[in-house]
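Each of the two complexes below includes chain A, the first together with chain B, the second together with chain C.
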Partner chain A sequence: MTTLPPRPFSGVRWLVRTTLAVLALLTIVAFATFDSRSVDVGKATAEFLAGFQRLLLEPRLENVTFVELLEQLAITVALGALTTLIGAAVAFVAALGVARNLAPRWLSLVINSVTALVRAVPTVLWVLLFAVSAGLGSVAAVIGMSFHSAGYLIKAYAESFEEIERGTLEALEASGATWWQIVAQAVVPSSVTALLSWTFVRFEINFSTAIAMGAAAGAGGIGFDMFMASGFYLDLRELGAFTYAVLAFAIALEWFATRTTARIHRPG
Partner chain B sequence: MLPREYLLRRRVWAGIGLAVIVALASGASWLTDFDLARALRAFPEAAGWAVANFVPDAAAWRRLPKILDKLNETILMAVASSTVAALFALVFAIAGARTTAVHPWAGLVSRGVATVFRNIDVSAWALILLFSFGQSAYTGYLALFFVTFGFLVRVMIETIDEVSTDSVEALRATGAAYTAIISQSVIPACLPRMLSWLLFMIETNIRSATLVGILTGTGIGFQFDLYYKSFNYPAASLLVLVVVLAVLAIEVSSNAIRRAVL
Partner chain C sequence: MAFLEITDLTKRYGAETVALDGITLSVERGAFVVIIGPSGAGKSTLLRCINRMIDWGSGEIMLDGVAVGALAGPALRRHRSRIGMVFQHYNLVNRLSVLENVLHGRLGAMSSLAGVLGLYSAEAQQEALRIVQMLGLEPQLYKRCDQLSGGQKQRVGIGRALIQNPALLLCDEPIASLDPNAARVIMDTLAGINRTLGITVLVNLHQVDVALRYAGRIIGVNQGRVVYDGPPAGVTRDHIAMIYGAEADELLIERQVTDVAA
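Up next, the complex of A and B:
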């Protein structure tokens, strides 16, 4: 059998391997310095499996009625929708300032830097910060959740705008169209499908964020009910009913999104 | 179609679209008790408050070692849970992808399991896990692990089916063994893209870990909650500053790696 010559050095392969090695090392460190707080893993795992089985197989409502559950789910959906709409409105304007074919370079640099800064603060912290002056509730929740919603959509919208061919824009410019005319007559009509798809993808994310903010930051809705069932009533079976409601809605959204947005690429 | 007719039709559609948006917004505002005017007023109020109170002072800087310690814990949690989830996801994705499926049913099972895991929100997982694992680091690790696993199975299946379909068919035709195809062709070809998704999930999970920490009493989220509830805003502001710097640093390095390998 002939031996193959050694493979030539590949920078990409080296980088992939080094990154993986670093991640593996960090994982080992994480488990070595783990704060287990004297939890018996075996017992807890058995308990979890039994509990999860009850949650899945014996869901029932105790402290809220079925109509109330639907009401709370509707509130969570509405929170998600509001933050999506606000995010979309802000992002539409900002993305016009980011897209490389529409805006000067300095402007897109400024907006991108601000967006990166805004997105570096986790949503829950934004909500809690606004809650200090606006009080815990929907106002603080919607403002706080809108930051990441806008940041995500700015990037997505700007990329959609950038897909418009330079030739089209140049032709319009040469024919004497103003910047606003170009935006209204060429940019928006040709990217409207992509914009709608991205907005829907973000709505999916905002729905689950709304659950989380209900549980952790007093935003109300079904997340708060789940928090009460878990931390206050200690009722696994009721938590199961809420979990089913949330799961059904999320899967329906995902199914709809993959059917309608199959052509656009997700971030990553 | 006449230009005028075309423009009229477009205007009508724009009007309908606007009406739908306004109806949606007012319906949602009514349901959630949201008041746009109050929200707009909240901005200057919050900014004024932040400038006056949300600034680190000398006492806050003395808490820096404690904050960094908690940050470290949270970053490690995000990295470890995502990395382990990626390992599990790889196995499920290979079993589930159309190109490499061991059995048509395996794909159905692995997709189904992943769908359930990623569509239960990380906060909901944390609340479920709190029953058996209590306020320990396990709860956070497992909550992040489950959601990350569900998400990565989906994107890894997509990656394998996009990248490897042709080469797997070719190798099958040469009679190569299944394990050899996976280890010599599928994994090496898909690894850069999968790594890119893993880095994306680590970024996401550092933010999620903060949230989960508030619910489970661990890490930087819990530390923020402590400062916040005791009105120690200078310390809370330093904590936010540290989180921002850490997230930006991780984002910059992971973006650099992703750009280089893809």
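Up next, the complex of A and C:
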């Protein structure tokens, strides 16, 4: 039996192994040195599970009616939808200026740098930033969330546009079509599925952000009720009811998104 | 003056690469011209200069008495709309139907807004149907182009060019991605268009045998220069060697040249 020659040294492999080893070591050290004198692990686990049981198995409404819950859920959905829509409209136009197969290089660079900056600042920070001028509330939430949505969707849309083969655009240009005609007749039909699925992804993100904004930025909606139920009434059962409402909507949205993209994708 | 006059056309990519090196040729109306030459000889560049998809360095192209180099804006669009172009990779919008892709050829003749909204006139739609029937694609009229075979796709590409009602048809390697049967259908279609509609056709080809069979005239290009310009019958082994280089596969070429000579 011959032995294999030793594998050549790989810097990446070494780095991965060292990182894993250090993480393993830190985990052991951390667990060994936790200050857990005041915590009874058994009791804490039991209470944790009891809390979960109340949250998930015994949901009921106490301080709001079912109709009110639906109203508040609708407000949150509306906040998510509105910011996605505004972001998508801005992003569609701007992304045409970013896609390298459609726009001049300088314009692409300019818009790309600006949107990279917009994306680098988290959504919540944008909302707080606009709260300075608009006051904490729904206006700041709408502007701030739209801002970040646009930045995110510009990148996503532009990449979808860049998937289109140069030849297709060339063919229409060679037949004398104008730039806008090419966009409407070739770019949009080719990328509509990708655009839709990115928009749905962003709507999901904006929906969950809208919940957080309801609590943190006073934008209203189900997020605020959840904040009240958890932080003010300490009512895990009511919080459970809200959680299920949010979950139900998220599943419905997912089902709708999948169905819509599938229908457009299906060859006719 | 001939229909198409190219005078001393020169095009460089960067400082080093010379794509076209003083090309001079003229094409009569109604001709069927095949341009042969190795990859990188400048065939594609030459075609794309004629409809100004590429700007060149020096020289001039006159099409039907119009100086192509000076065109800009709407005049350039009008110029392009009178020239059909067929591509190796068909370059269709795959998500759209055969009918929609054929109608795309009309965009250049429409107002920008009507084109954006896809408001094709009833007459344009009739014309599209007639062309689709002529190309034998009627059963596929509403089929999406990503469901077609290569040969069918290329026929859609030809349909898109034909609905422009072009004076000139530029074909850039139209059969390079097709199997022999589909290639035959496409070349027969192009020859038929030339014969019955009187449209001037310029075809770039790799296949010397196909070129010799279909061409009314052969232009051999090597390193951006015209090295042969004449009837297919006049193409000799020496010409082939000049066009493709001395190492060109003799097994492939000898038989075809002698076939034509015989």
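Assume the second predicted complex is superposed on the first by the 212 of 268 C-alpha atoms of A that agree within 3 Å, B and C clash if a C-alpha of one lies under 4 Å from a C-alpha of the other, contacts with A are read in each partner's own complex, and residues count from 1 in each chain.
Note that in this section a contact is a pair of C-beta atoms (placed from the backbone, for glycine too) under 8 Å apart; a residue touches a chain by one contact, two chains touch by 3 or more.
Computed from a prediction, not measured in an experiment: that's the story for all the values here.
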item: Which of chain B and chain C A:Val41 touches, first, second, both or neither; value: first
item: Touched partner set for A:Val90, first chain B, second chain C, both or neither; value: neither
item: Which of chain B and chain C A:Gly231 touches, first, second, both or neither; value: first
item: First, second, both or neither for A:Leu107, with chain B first and chain C second; value: neither
item: Contacts of A:Ser208 with chain B and chain C, given as first, second, both or neither; value: first
item: Touched partner set for A:Ala257, first chain B, second chain C, both or neither; value: neither
item: Residues of chain A touched, compared between chain B and chain C (which is higher); value: B
item: Which of chain B and chain C A:Leu136 touches, first, second, both or neither; value: neither
item: Touching partner for A:Trp180 - first (chain B), second (chain C), both, neither; value: second
item: Footprint overlap on chain A, where chain B in one structure and chain C in the other make contact; value: 189, 267-268
item: Chain A-facing residues of chain B, complex; value: 10, 21, 24-25, 27-29, 31-35, 38-39, 42-43, 45-46, 49-50, 54, 73, 76-77, 79-80, 83-84, 115-116, 119-124, 127-138, 155, 191-192, 195-200, 202, 207-208, 210-211, 214-215, 218, 221, 224, 228, 233, 240, 243-245, 247-248, 251, 257, 260-261
item: Contacting residues of chain A [partner chain C, same complex]; value: 165, 167-168, 170-178, 180-181, 183-186, 189-190, 192, 267-268
item: Of chain C, residues touching chain A in the complex; value: 51, 53, 77-81, 83-85, 87, 89, 91-97, 100, 104-105, 107-110, 112, 115-118, 142, 144, 146-147, 157, 160-161, 164
item: Chain A residues within the chain B interface of the complex; value: 11-12, 15-16, 19-20, 23-24, 26-27, 29-31, 33-37, 39, 41, 44-45, 47-48, 51-52, 55, 74-75, 78-79, 81-82, 85, 116-117, 119-125, 128-130, 132-134, 137-140, 142-143, 189, 208, 211-212, 215-217, 220-221, 223, 226-227, 229-231, 234, 236, 239, 242-243, 246-247, 250-251, 254, 266-268
